[in-house]
Each structure stands twice: as structure tokens, then as C-alpha cells.
Amino acid sequence: MEVLTNLINGMSLGSVYAIIALGYTMVYGIAKMLNFAHGDVIMVGAYICFCAVSYLGLPAIAGVALSVVGCTVLGIVVERLAYKPLRNAPSLNVLITAIGVSYFLQNAALLIMGSDPKSFSSIISLPALNLFDGALTISATAVLTILACVAIMVALTMFTGKTKMGKAMRACSEDRDAAQLMGINVNSTISMVFAIGSGLAAIAGVLMCLAYPTLMPTTGSMPGIKAFTAAVLGGIGSIPGAALGGILLGVIEIFARAYISTQIADAVVFAVLIVILLIRPAGLLGKPVNEKV
Amino acid sequence: MSRLTDFAKQRRENTKMVPVPSVSIMPERDLGKAPALECLHLGIDFGGLKAVDDFNITVGRTEICGLIGPNGAGKTTVFNLLTKVYQPTRGTIIVDGQDTAGLDPARVNRLGVARTFQNIRLFNTLTVEENVAVGLHNQHHCGMATSILRLPHHWKSEKYYHDRALELLDIFDMTGLADHEAGSLPYGAQRRLEIVRALATNPKLLLLDEPAAGMNPSETAELMENIVKIRDQFQIAIMLIEHDMNLVMNICEGICVLNFGKIIAKGTPEEIQQNDAVIEAYLGKQNKEVA
Amino acid sequence: MLSVYNINVWYGAIHAIKGISFDVNDGEIVALIGANGAGKSTTLKTLSGLLRSRTGSITFMGEDLMHMPAERIVEHGLVHVPEGRRIFQQMTVEENLDMGAYSQPRDTIAANLERVYAQFPRLKERRRQIAGTLSGGEQQMLAMGRGLMANPKLLMLDEPSMGLAPILVEQIFEIIKSLHEAGTTILLVEQNAQMALSVATRAYVLETGKVTLSGTGDELLHNDDVRKAYLGG
Amino acid sequence: MGIKTLKPQTRSTIITYAIVVGAFVLVTILDGLGLISHSLSGQLVPICAYVSLAVSLNLVVGVSGELSLGHAGFMSVGAFTGVVVAGCMARAGVENGILLFVGAAVVGAIAAGVIGFLVGIPVMRLRGDYLAIVTLAFGEIIKNLLNIFYVGVDDAGLHFSLTDSASLGMSKGTILINGPKGAVGIEKVSTFFIGIVLVLVTVAVVLNLMHSRDGRAIMAVRDNRIAAESIGINTTKYRLMAFTVASALAGAAGVLYAMNYSTIVPSQFDFNQSILILVYVVLGGMGNISGSIISAAFLTVLPEVLRPINNYRMLLYAIVLILVMVVPHTKIYQRIADALRRRFRKGDFDDAPVAEAVAEEGGEAHE
Amino acid sequence: SGDGDTASAGSTAGTTAAAGAFKIGGIGPTTGGAAIYGNAVKNGAQIAVDEINAEGGDVQFELNFQDDENDAERSVNAYNNLKDWGMQILVGTVTTTPCVAVSAETNTDNLFQLTPSGSSTDVIGGFEDADGNISIPRKENVFQMCFTDPNQGAASAQYISEQQLGTKIAIIYNISDTYSTGIYNSFKAEAADLGLEIVSETSFTEDNQTDFSVQLNDAKNAGADLVFLPIYYTPISLLLTQANQMGYAPKWFGVDGMDGLLTVEGFDTSLAEGCMLLTPFVATAEDEATKAFVGTYSEKFGETPNQFAADAYDCVYALKQAIETAGVSADADFTEICDALVETFTSSDFAFTGLTTAGEEATWADTGEISKQPMGMVIQGGVYMPLDA
């Protein structure tokens, strides 16, 4: 039973990572950039939802919707201002810019919202599921997060694999000039990627704060890094990989804490990651790119 | 495509009797020395696709051997197998008498196999001279500590690399470009530099993957002369892939034709030009008249 | 159909195209020939909107292309098959062809696909293969097939015969001829001057960013300077 | 005559050394004149440490072309080892600051180098972002393990523990590393002079390595791994070499940093610290050593310069960071730069080799 | 790079003081993850300075508070910056690790330092453990307004033991935080002496302070009836929510870091019902001084002050009192001021009563530690109530 409890807790934590990782992978896979500001977009999303519900008195659903819209717009704006000029720059320059954006969002949030933590706990509260006479409790947020994670993963896979827009995104990710020659508007396609990624970030932010209801300007940064790790673990660029990597990372983290040591749990998690990558150098579901010689 | 040029005829008369084992199925073993390359039943699969299958060839120590075939026949794949970019699924590769099983690309190079690439792969941010100096890497050693401390041996090595690199560049009249960034060279010069770099590793077998691609006729003619010159001067075996029949027919002693991963013909240029299967699969009707 | 007047293109500080002007009339095959680095590819990239000219004008069927984004130019029927294939390596052959038809109405795609497969049976065999693992020649076929998927009015081919087996070079030129007969106007850039000039209605010779000679295909084929420089004597 | 006629490589080497020595001379003179504020003089040593870190990371990121996100981990290995060494030496009666530093720095560098080598063996089996994440992971593991690492010294010698300071089993000793509380009571021996010397050593090691047989091999592997293999270069060996040397240099820089403050804690050598160093490298330019030096110094001083605007300074820092990255790639900037270049170097143009323009595109062509 | 040495930093001082005011520097995180503590200290100190200046007595202050982002290196930078400004006394730094670094600097310079909240023994130095090991010698110029960590840990254990609050105790602490591990260590040692049974010890780090399910499960499965939380209130707010979700309701016992829990916006305070903590200050206390302070603070800054603000407020008043006792003047050199203040603070007849001294007189030992009584508080009906009442 304890194992089961830990498993469920791990999956719930992992689904949060997974949703964030899905956004990461999406942006990475297509725009070929590590958007280190992704975690901070999550934070912004959570703040928007928080403000909408507790200051404007909107219902929770409206708060979520507003936060998705807000983040989508933010994603597009940031992309236009900070990343678009760097289309032809080396990828590390873009990485550093993303870090700059991350600092910017954190500090802007600090100035606007203050440094004191906000708690989500009274924003939305759902009853928990009790199984086996209370021996196993599954919180509703856990169920919600896991379901959302799976739904988003499936939707994204379908989108990039089957739709015209999705294929166009993949084309842009490979060769922007050639994509243009096909009649694809590269700029709007990449904006679209950021819009989707940021919209996902908003959902991730709200779900994360539901499960772990403390919100501060720095709330997004550590989950952001963990999610990046998860995306790589699953094979960066791979959508099912991100979901799998996220959930696995969450489970490993919880199990490492429960059965090894709370003191070096992080070290264990990262060690597992390294071992997995050594066995599968392109991540769990990543395709090893066979360069044609 | 023109007939054998005078240049080629004249050259054949001048260079006396280069053994041409690649033409016959059985390798010539009576030379006292092992051939430069011997492949036995070489093959590789990609998924279900037998990209190369039952590939047998022997290349003499100073032979120029052509490898031709339609696009996708597996020519580049053969080179990748010989240099261990891909590990063969089956078969044996013997370089200069030594089995290369289990070796990695770097080791194979040290055994004496050097190559150029179909899509040029230079060290773009290094200068031309540095590109060649890197090729000389295993010809002269100098430890890390020696370099960092700038001990006398370091300077001696640097002088060696410099002198030798210029010597090699001189083959293609490229000494003047020594300080240019390799990536900024014109296309033809990049192709030539790739050859020089490969030569710098002191190979016994040089593999050239479409060396004349993207060159105009006069550049190609010059290249032909140079390939022969390299063979004569360095006394090495050269195996080349090329779609320019003018080049192939004029400088190769033996030619091997590949289709769907299998050898469909081997022979001298004259034989190949007459071979119906080759005309059917590769040369096309028009080129038949050429021969 | 296409008229180019006095275009100048820079790469950073490098002046790659120095005032080129030429025309392509409806139903022609126009060849641009010239040595490596003469600026042939740069010219095509400028026409398709990947690069911008600082001066002059480009008009295609009455439309001004100077300021039109690349993706719109394709919609107008000016299709560029770039040098070096530039296929989508990670996508399958068929997905690549789909992408070629990105700007086309949905209902025409299936028919187009059949047409392309008929022209390149090898592509049909490999329709599910990841394009990056095709051989050089197969990739070139795919690139051309992809271009054809866009229903071009004017098809710009940048060195389509590069790296192809002789039999395929023949085939490619057959295809070019048959496309031409079917009414597609073609702007052909080639190193293989012999072949190019023999199919071309008219041709221009480029040298270091300038047009140095022009004439009908036959004229140039028999021009001494051209013979010396581009046909190997 | 003079500098313009030298090979570009030699010229940039001379300029690099000149920057470091010039900065030292300038600061020393200004200090003599009493023109250096406490604020600036307090930053001199950290600047030197960051410069060394940036230069050493450039060896990995710029020269060998691998993205490493765990440089702070090696810095911390060096720092904590150095603290222990210095603590032991001090207890053994060594008082000379320079001697303490040299002892600590050498051992710290060796320790970091060894760890770098061990970490590098698995890391070098990976590529690109997978490699990056594994370096990040190692950085975090190192930080995590240091959190449960206790070291003390008493008359009986060194004591280690992985549980708490009480289980060190010492009496009347000094606790050198106290788990999450880190090392406190570090002998503050770092000076600007020592810092400059370390920078010079770091720069010399990196530049000498770059411009040697091994360095060329490292850069060749970066430019084209497959081609490098085809000419007989053991790519793993050279990537590992760059990684190990950089780790060792980071270790030495860590010692310099640690011995400038009386305390260091494991948690400060985190991912953000690694990123900060990476920012210096990227801003300064890949493989550009003098660039790393200048950008590390500039970005270290910047937050202090922005101090008067108080709570807005980190916001402004972020904006500056974005702008420095973005502006050079905007059309307007490039137009202006082109125009300026044309004005000042008339004639160079039409026949100039294509080098420049291709170099601008170099990033794209990467692998 | 030679300029920038002017004292431009002074522009941030919010006070217009008469010439001859003491220049007090403050350092703490006003940006970054720990900004809440730094801002509290900054505001608390500012109120005190304003009050004192408004009173117009002999002792006037000028306050310049600098940000350190809770980073030791930045903190030392801030310190140097304040030196350029002409700082004579330092109130700070707020967080522990930077405080250890800066106290080494003030010690070298001999500048008087009184920290409102740098609670580690490494701040003041000279602390010997049971075996006589030390990690840093005593820094004579450094004094604390808050309890030291060992002090709090031991006091908590004693309190739990005396009041028999729990028989099986679980501890959840932050292993990457000096403050938390400091309290944890001494609590554990003291608990062992007192015979308290500790059934579960688990930790977390700064990097994974989101999910506490494992720690809570461990405590729950071990049958702990009291969970000791030597951590700050932000993770506590999360932890309580998660415990509630899993239906685990032991007694919670915190330390002064728990103060602030009730002010977390959006936090369901009913979750905190019954939480106990030892703290020197609660904003809901009924005494005049606290009421006045809380009133001014909320009026000025729109929020309820926490113990950091109160400690800072006390720091300034303690300094005022000590300056008056020592009789130093504002034009004295900072080392002179330091010597005089050290003597005053350590003299046996110097005692200070403030917001955080539980209405009694607090004194300072030679070690720099303050001796004052913590108050036991319990959260009832959304407010703090004295525990023993």
C-alpha cells in the first residue's frame, strides 16, 4: 500500500513535470531552442490565475482560461521581441537570451506581485478520493493532473503528426529556408509554436499550484529545470518522450526519497538520469539521429 | 562524354604495369605483399534493406579503382563500411593484410585508410594549414604538457607540422591559401583541401567520394592529373566514386559497378563501357555511343 | 513572364550579385550557367524571396516580388528547387511531398502526387522511408518532386543534375523537357553547361555576379569562350 | 609595421595578455592614487575568479564545442578541497598567504581535474543537449553530496563524515566543512595580485593548449566529428582532455573564490552559478578568450553599477543581457555596422575573400 | 572602470536626517527568492529610524539598505558599497549565509554589526560543540538580536518535553538551509538528552520543496504525534496543505520561521489551526508597543509585519539605547563607535526591552548571543494565542 501511495504521489508530481516538459519539448523540437524561460512562463500563468480568482473574483475556470490567454500572448510577445531577431544566430545566443527573459520575468513578477508567497490552497479545492478505507488517498488534483497530462500528450502528438500546421512546424524545425520555399510562413509558424508552448505552460502552472499551492516569483525555475531534465530523459523533441520522462522523473524522485534517503534524493534522481542516458544516449523515446555520411 | 583523351593514353604508356587485381574476381596474391584492400562478402543492412551485400573486391597497392553505380546503389555506404563509420553486418575487410574487425574509424585510419566525403566535411573554422596539420596528427607526436609548457619539443613539432603541411598543399598549388579559413574557400578548393588532409594521414588506401562533383570541366581535368600524380608520387592505392564518366574512364585501371548493393560488373574501363547490364542500369543509351 | 532588372545582393559585406538583369518568357527554358561562386544560386534565392536585392525590380506575371515574402511568392507559382536538395531529412518521402503542396488546395494534392510518383517511381518505392537516409540521387529526385507538387508556373531548378548517375542526368533532362512541353516555364541553373545549353531556349552566362554573355542555347553552345570555360575545350 | 603584420592568432594572443596585464597595472596605479572604491576593490578578486572560470569554460564550450551546464560543480570541488588543504596547512603552522593559496589551488585543481576526468568518461559518450543535461546532473549531484559532507581537522589529523559534524569524532579541532553550513572561517588569503596571476596562468594554459597539436585536434572534433575520426583522431580522448583541463582550471578558480570569502556553502555552487559562467562565455564569444575576459568582468561589475536603482537593477540586468544578445542581430545594427566598416576600410571589399561572411554564418553550419 | 567610487548609493536612504546622524547600513535580500525577509527588515528598520528622527533627540540615524539577493558574494559587495557611503554601523545581514560572510568583513574592519536575523552561531563565531570543536573564532564586533539556531532548537525540545506535547516526534527540515539544519541538530541533541523519542527524521532541499508526501508519509507511518518543523513558513504552508489532503493531522511545532504563515495570501488558515511555535514576536500581541508598530507598519507598507521586521525595529532601538549609554557621537570614526558599542553591549548593566523580548529585559553575552525568552504561541481561530494560557 505504501508503495502504491508513493507511486501515485510520484505520478502526480511527475505529471506536473510532464506537462511542463511537453511545452519544453514542443518549443525545442521545433524552434530548436532551449527555452529556459519556460519555467517562468508557468509562474506567470499561475499568477494570472491567482489574481483572476482572488482579486477579480472570477470563477476558477475563467481564471484558467484567462491565464492560458495571457501566457499565449506573453509567449508570442517574448518570441517576437527576444527570439525572432536571433533566428540565424547560434543556438547558445538564444539560450542566453532565454535566460535573460527568465530573469526578467522573475524580477518583473517580484516587482508587481511582491516577494511574499501566495497560496493557491483556497482558490480551487476538490475533494480527495479515498480508497481501501482511507489507506490510500488520491487527491483529486493528482487525478486531474495525470489525466490532463495524458490528454495533452495525445493531442500534441496528433497535432504535430497529422495536421497540416503540425507538419509545417516540423518542416520549419528542419530547414527554415526550405520550409519557406514550400510556402510556409516561418515566422507565424514559430510564433504558433510559442503560443502553444506558453499556453501549455499556463495550464501546467495552474495544475502545479493546485497540487503544490505556493506561488512565488521563483516558483517556476526549479520545476522548469526538472522538466527540462525530464524532456531530455524522454528524448528531447519527442512528445510521448516528454510525458514519459516527466512521469518517470517524478516517480523516481519520490521513490528515491522514500526508499533511499531524503538527504540525497536529488543526487539519486540525477544519477538515475545519467545511467539511463548512458544506456540510451538519445533518451528513452528519442530516435538516435543517424547522420548520413 | 568524350573518348579516352590523349592525356590518358599517354599516361598509361608512361606508368608501367600497375597491378590491377580489382578487375579479376580472384585477388592476385603473387606479389609477395598483401593488396592494399581486400573485402570478402562484405555487407550491411539498414532495417530490412540490404544496402550492401556480398561485396568482394581486391585493390592492388598502387591501383586506381573506380566504384560506380546508380544513385543509392550503396557506393558511399561501401566507403562508410571501409572506414567503419558503419559497422558491417557481415563480411571481412582486410587493409594491408590486417583484419579491421572491431576497429573504430580512427584506428582504421591509422591502419592506412583515408577518405574524403561526398558532402564536404572540413574543419571550417580552422585555417587551411591547420586542417592539414590536424591530418598530420598521428605522424608526429607532442604531448599536452609539452605544449602547455611550450617546451622546445613543442616548437619542433610546430615546425614539422608547418613545413609538412605546406609541402602537401603544394601538390594542389594551395600554399597561397594556407592562412585562409577553410570554410571560406571556394567549392573546388574545399574539395582539394579534403584530399590533401586525407593525404596528410599517410594512407595506403585513399578513398575519394565524388571528388569532381560541382567542378567544371577544366577543374575536373586538373583534378584528374592530380589524382594520378598523387598515386605515382605516394605509391598508394586510390578508390574513387564518381559520376563523371570522363574522369572514371580515363584514370581508373579497374572499375567496379554496384547496383542495389550488389556488384553487377567488374572490369577495365573498356569492358565496363560495353557491359549491357551497366548500360542498362547506369550509363544509359547515349553513353554507350561514347564507348 | 519574369523580368529581373538590375538586382544587387550582398552577403554582409560581400557584393555577390552586381546588377544582374534578365527575362524569362512564357514557355521558355532559360539556363543560367557559370563557374562556382558566380552567383547563380544567389540569383535564384533572390527571386524566391530568401534573399533581398537592395536595388532594381523583379516582376513575375505582373506582380512585384521585391517585397513579397517568400511564402507568398510560392503561391504565385514561382517555385524554387534549391541547390543541395534541402529536403526535410527527418520526414518521410511522402511527408516531404505533402509539404511541397503546402500552398495548394487540398483536392489537387492526390492527383499531383500520382503524377510525381509516375515521374519518379523510385520515390513511390521509398514513400515511407525517412528522407535523410536516401542516397544523394534519390534525394535530388525527391527535391524535384517536391517542387512539382506546388504546381509551378515557373520552376527554378538549381543544379538538378549534381551528383547524379549519367542515366539519371539523362532522365532529369528528359523530365525537364517533358515538363517544358507540358507548359511549365523553367529557369535552370547548371554546372553541366553541355546538357543545360542543349535543352535551353535561351541562356545567360554569369561571372562573378555579372551577366557576361547571353544568347540562345545553340549560340552559346558554339561560342568559343563558352566552350573553353565551361565545356572543357 | 608591428601588430598588424602578425598572424591573427599571434595578434589575438598578445592582445589577450595585454588586456590582463593592462588591467592589473591600471588598477594598481589607481589604487595607489586612492581612486578605487571599496566597492570596486572588493570585487577585484571575484572578477579574477569569474574571468578564470569563463576562460576555462570557454575551453569546453567554445573550443571543444560541448555545452556544459555544470561548471560550478567543478568550481565547488576545487573550492572545498582547497579549503580543507588550507585548513590543514594552517593548522600545520603555515602562515604565508601565498603559500597557503598555492597549496590549496594546486590540490584543488587536481581534485577538480580528477573529478572532471571521472565525470567526463560517461559524459563524453553523449552528444549535444544530452551531454549538457548530464553535466547539469553532475553539478547537482556534487552539490547534493557536499550537503552531507563533513570534514574536520584536529591534532589527530583529518576526519570525514557523511552524517553530521558530531560524528567526526574530533576533539578540540576545527570543523572545516560542515555539511550544508559549508565551510566557515576560511583564511582570506586571496588578493588581486594572486587573482591576476591565476588569470594569467589560466589564459596561458588555455591559449597554449588551443594553439598546439592537441588543441587543433580538439577544434577539429568540434568542427566535424566524423571527419576528425576519419583522419585518425580519437575524438573521445580530445573531448575528455578539454573537459578535464577546464575542470582543473575551474577548481583553481574555485579556490581563489573561496579564499576571498570567509565562508562558502554548497548551495551557492548551483545551476544558476553554472549558467552565469556560461553567459560570460557566450557573451564574450565562443572560443574567444579575450572576449570571455571582458564579458566576465563587465557582467560581474554590472549589478554593482546598477545598485543605485535598487530593486530595478536585476530587471535592468536582465534587459541588458537580452539587449546585448539581440541587438547585434537586428537589421538596423547590421546595416550600421556594415556602413561603418565600409567607411573605415574602404577598398577591402569587392575582392575580399569570403571569409567574413561565411564566418557570420558559422553558427548555422555547426555540425 | 576606475569611477563609480562615489557614494551614489546614498540616494536610496529614505531618511532626511540632520547632519551628524549616525550612518546605519542595512543589508538583506530585497529581490530574489528571499526578498520577503529582506524587505521586512528594511521596512522595520526604516520605521524605527523615522520614529527616532521624528522625535528629534540627540541621536539621529540615516539608514541605507542594500540588496544582497541572499547571496554571500553580493552581500559582501553590498557591504563594500555601504562602506563607500560611509556606514558606521551595520544592521544586518538578514539571511544567515551572507551574514557569516559579511561578519568576517566587519570583523576585519572592526565595524559594529547587529544582525536582526542572522541566527547561525557561525555569524558570531566562537561556538564550541560538545567536543570543543569550533569552525570559526569569535567575532567580537558581531551581535545578534535573534535567537541562535542551537538556542531555538534546544528551547523547542525543552518546551515540548516540559509541556509533554508529544511522545513520538517527527522532524522535517531543509538540509540545504543553514538555519534549518542548525536548529535541527541542536533539537536532536537536546531531545536525546531529554529522552524525547524521535521516530522520523526527513529532509528536503531548496530544489525540491514542493512535494512533501514522502516526508509526511514517513512521519505518519512512524506514528508521530508531533511534527517539528524548523523551517520557514513558505514550505510550511505547502506542507500543511498536503498533510490535510492526505488526512494526516498531528500536532505541528515550529520555530520563529513559522511566523508569517497566517499572512500568506490565499492560504486557508484553518489548516494552520493548532500549530505551535516558539517565537519572539507575534503581530497580534496586545501590548502597546506591538500595536503601535503593527499599526504603523500596515499603514505604511500595507501588510502585517513579521518577526524579521520586529527584530530589525528592535535593532535600531537597541543601537540608539547603546549609543546613548556609550555616549559616542556621530562624527566619531566607525572603529571608535564599534569599540564603544561592544563595551556597552557586553557590559552587565546594559539591558534592552523591545518588541521581541517578550516584555522582559534582554541582555547580550560576550559571545554576541542575546538572552531573551521565546514565547510559545499557538494558532487558534486564525490568530496567535499564547501557548501556556
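Lettered A, B, C, D and E in written order, each chain numbered from 1.
Keep this in mind: contacts are C-beta pairs under 8 Å (C-beta built on N, C-alpha and C of every residue); 3 or more make two chains touch, one makes a residue touch a chain.
The structure displayed is predicted, hence computed values, not measured ones.
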* Starting at chain B, fewest touch steps before arriving at chain D -> 1
* Graph distance between chain D and chain E, where chains that touch are linked -> 1
* Structure fact -> In terms of CA centroids, furthest away from chain B sits chain E
* Structure fact -> Taking each chain's mean CA coordinate, chain C and chain E are separated, in whole Å, by 74
* Structure fact -> Whole-Å distance, C-alpha centre of chain A to that of chain C, is 43
* **Gap in Å, rounded to a whole number, between the CA centres of chain E and chain B** => 75
* Whole-Å gap separating chain A and chain B, where each centre is the average of the chain's CA atoms -> 49
* Where does chain C touch two or more other chains at once, residue-wise? -> 133
* **Per-residue overlap in chain A, given as positions that touch at least 2 other chains** => 107, 110, 263, 266, 293
* To do: Pull out every residue in chain D that's touching 2 or more other chains.
  => 140, 144, 147-148, 226, 311, 314, 354, 356, 362
* What chain-chain pairs meet the touch criterion? -> A-B, A-C, A-D, A-E, B-C, B-D, C-D, D-E
* Structure fact -> chain C partner, complex, touching residues on chain D are 334, 338, 341-342, 349-350, 352, 354, 356-357, 360
* Under the touch definition given earlier, write down the residues of chain A that touch chain E in their complex. => 2, 5-6, 9, 13, 50, 54, 107, 110, 114-123, 125, 128, 130, 134, 137, 139, 208, 212-214, 216-218, 222-223, 253-254, 257-258, 262-263, 265-266
* Structure fact -> In the complex, chain E touches chain D at residues 1-2, 4-6, 8-9, 11-12, 30-32, 66-67, 69, 71-74, 76-81, 83-84, 97, 100-101, 103-105, 108, 120, 122, 125, 129-137, 175-178, 181-182, 185, 189, 205-207
* Asked: Any idea which chain D residues touch chain B in the complex?
  -> 7-8, 204-205, 208-209, 212-217, 219-220, 223-224, 226-235, 241, 245, 287, 353-356, 358-359, 362, 365
* Structure fact -> Per the touch rule, the chain B residues reaching chain C in their complex are 1, 46, 68-74, 76, 118, 186-188, 210, 213-218, 220-221, 243, 245-246, 281-284, 286-287
